[in-house]
Amino acid sequence: MSLTHMNELGYAKMVSVEEKKDTLRIARAIGEIVVSAETFERVKTGGIKKGDVLTVAQVAGIIGAKRTSDIIPMCHPLNLTGVDLEFNMIDETNTIQITAIAKVIGKTGVEMEALTAVTVAALTIYDMCKAIDKEMVIQNIYLAEKTGGKSGHYLRTKEN
Amino acid sequence: MSLTHMNELGYAKMVSVEEKKDTLRIARAIGEIVVSAETFERVKTGGIKKGDVLTVAQVAGIIGAKRTSDIIPMCHPLNLTGVDLEFNMIDETNTIQITAIAKVIGKTGVEMEALTAVTVAALTIYDMCKAIDKEMVIQNIYLAEKTGGKSGHYLRTKEN
Amino acid sequence: MSLTHMNELGYAKMVSVEEKKDTLRIARAIGEIVVSAETFERVKTGGIKKGDVLTVAQVAGIIGAKRTSDIIPMCHPLNLTGVDLEFNMIDETNTIQITAIAKVIGKTGVEMEALTAVTVAALTIYDMCKAIDKEMVIQNIYLAEKTGGKSGHYLRTKEN
Amino acid sequence: MSLTHMNELGYAKMVSVEEKKDTLRIARAIGEIVVSAETFERVKTGGIKKGDVLTVAQVAGIIGAKRTSDIIPMCHPLNLTGVDLEFNMIDETNTIQITAIAKVIGKTGVEMEALTAVTVAALTIYDMCKAIDKEMVIQNIYLAEKTGGKSGHYLRTKEN
Amino acid sequence: MSLTHMNELGYAKMVSVEEKKDTLRIARAIGEIVVSAETFERVKTGGIKKGDVLTVAQVAGIIGAKRTSDIIPMCHPLNLTGVDLEFNMIDETNTIQITAIAKVIGKTGVEMEALTAVTVAALTIYDMCKAIDKEMVIQNIYLAEKTGGKSGHYLRTKEN
Amino acid sequence: MSLTHMNELGYAKMVSVEEKKDTLRIARAIGEIVVSAETFERVKTGGIKKGDVLTVAQVAGIIGAKRTSDIIPMCHPLNLTGVDLEFNMIDETNTIQITAIAKVIGKTGVEMEALTAVTVAALTIYDMCKAIDKEMVIQNIYLAEKTGGKSGHYLRTKEN
């Protein structure tokens, strides 16, 4: 099996997907940002105020999903039919876990859209907290699950 | 000290930086993507061919740096004066480590631009290898160093 | 009935439309910009020259319609199948009335695309005339009519 | 005095501003969206929840300000140094009044950026409420004040 | 037969294509850039190194194809299903010939996408070589072939 | 002298320009599109109507100039201070010659912006006329003149 993004001359290309079927495709990606105890508390309590960090990150993640084919060179442009994000505050480790779900009816999967949503949300949290915390780390970004298309259902089993 | 991105009503805003000085500001960010042994080998040997994965990721990282203020809501638009990326193949762990440097002469730092460059490069590697590897993980994205501006030189010391 | 753009946690999301049918959807939006008598005359007589204000506004409105999902966070990306604008010079009140029609075959309506076309056209007229007129007002932007989708035909009856 | 956006042949151009001075330029624009009593109540009470309509509109307005030169053809690209929005709930008329302030140190003013912020915020409120209200009207969008540049201080006096 | 991009008032519009059929549409465009002997040699030998000029041009061409409806005002947004480029080094004339193929299943052709891919690739080569060569010329950009849609198969016969 | 866009590892980078001076930089680029006699006549006579082909091309060229760093990977983002285009109808050869001038006060030249303006204008003419003419050719795109920066004044002498 070869890298599908390479043409015969070894150059990158946008893979042809004309012959794939239009099916409902859903992808769920996960990622996290580890912050200081103080930052964690700020984000958490800010969560009950208007305009808090997580709301901006939520909006950013959705916008990010829509910009995926603009910033990932070989990604196909897609008409996403739904995007949602969820934040999970893990107190023990001052970690904000981000889950994003992207959906489309199309010829190619939306893993990159879900992963981009998670990543842009994490970067947005970083941006809004960086004045008080320079030691944040974005980590553990991976595809958790996908359905639709020829390859069928994929559920990540490896612990991360 | 308060979260600078919040106005008095608790809403997010783009922080005013008119009174900051125009200085040379440089940021270096690091991140990595862990892949399977097979994928690692492919990317590595592809490295001697035209159009290899890392070259596309390099271009994507530079484009990503330029799109930072488009995808991170509170980021100031900046006229970046230089962006470069470097890939380090770590054989022991099948890890591709990505370093990005962003530069500007301006009123605000370029941490987000360097972090976005790293992230978009990692997502691009993910995109180009996902047909043969669904277990990849993007991790350890952080600010390694920054100079310029009032806060001066920052060098991350904490081991990651 | 709840706000469809909110998920269960109260966060904004891009609504899922996978189960909606692909139908022809058309929306017509209206808006206007009131200018000074002098500006009105300029725009009107400029209308017979190459490169006049309204032609640029027309192009801007079409481009604006295509950028709708880029600037309205929860808007679905759509492949518009047609966009047109029309300008109506109302002499009595020095008002330029703008009508935009947007069309798509898709799972979600194009109200926002028509409204964005009108708005961007009005802002473009403002931009091109602001050197001679600072008192312009953009007003009365609303959805005039829409067809397609489950909710069927909507025609605004309330006088505006 | 001629329309500055026209070249000698009558075509539109992006006006040359090389000889203008870099000064601090600030613009404040105002606009409003009139909604039904029910929608008004929803937006208002949603205002204490995470992810409410106004927070998304706030983020959209800031992003919109940054995209101004992308959507208004003759607008100069600018490195905005600050953008903020404020929402004022006017109970008597079920009106949400939006104020946006944009700032830059540059050769040209930021009226269009402030006006675009207001407009995009209004369109975003429209988008998020349109499932329950089709009769909303966006109105009274105008420049309230500007400072900086050769023309100096402008404060709109005409009642609107 | 009239110019389809004009409405009855003589203004430009985005042509309505709702009634066209979704068929596979492919377009192939060709163009070239003539460079100095020294530049030609550099690009050619650089072709075996990582990150060479042609690889960046290849990525740029693909990105350019995806941005077509962003930069060509009356172009319909399309979900391209495949894009590829090929470079042909013509020694006799120090010419780099660029061929781009774009594909979509849709209601309107992809000539503009293929032409934009060629053009952006040529501009990228220009950009990367301009420090050593100011006399380059981009030329002979045309549609070589198209299939799909009502007009059927078109193959350019005129020698260029 | 080496290709400035390559880092030591042979990868492409965005060249560092921090140490260059901010000077007024102007570039003039030229290009042309050759059309059929019938198309030429249409464009020419359309030139007196509202919304004609050349006006749309003019707007597109200006927008294109502003998008240059979005579509040319290694281009620095710049705050253009002026862009203008001019069309010259050459009857003898059914050729529309396009000249674009771009200006900036910055650390790097605007050749690519002027060239992109010409190219996007040509592609837009192509797009609007392609329903009646498939044999058009875009050709002779080159840098005619540039001033500013260390390299000083450049005026192309070679006949094209």
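Per-chain residue numbering starts at 1, and chain names A, B, C, D, E and F are given in the order in which the chains are listed.
Basically, a contact is a pair of C-beta atoms (placed from the backbone, for glycine too) under 8 Å apart; a residue touches a chain by one contact, two chains touch by 3 or more.
Quick caveat: nothing in here was measured; it's all calculated off a predicted structure.
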Counting shared numbers against all numbers at the contact of chain E and chain F, is it over half, same, or under half, different? same
CA centroids of chain D and chain F: separation to the nearest Å works out as 31
Using the average of all C-alpha atoms in each chain as its centre, how far is it in Å between chain C and chain D? 16
From the C-alpha centre of chain B to that of chain C, how far is it in Å? 37
Residues of chain B that touch at least two other chains are 7, 9, 11-12, 50-52, 54-56, 58-60, 63, 67, 70, 73-74, 77-79
Based on the touch definition given at the start, go ahead and assign the chain network to line, ring, star, complete or other. other
Here the pairs of chains that touch are A-B, A-C, A-D, A-E, B-D, B-E, B-F, C-D, C-E, C-F, D-F, E-F
Which residues of chain F touch chain B in their complex? 7, 9, 11-18, 69-70, 73-74, 76-79, 106-107
Considering only the defined contacts, which chain A positions touch chain C in the complex? 24, 54-55, 58-59, 62-63, 65-67, 77-86, 103, 105
Please name which positions on chain E make contact with chain B in the complex. 47-48, 50-52, 54-56, 58-60, 63
Show me the residue ranges of chain D that touch chain C in the complex, using the header's touch definition. 1, 3-7, 9-12, 31, 42, 46, 49-53, 55-56, 59-60, 63-64, 67, 70-75, 111-112, 115-116, 119-120, 122-124, 126-132, 134-143, 154, 156, 158, 160
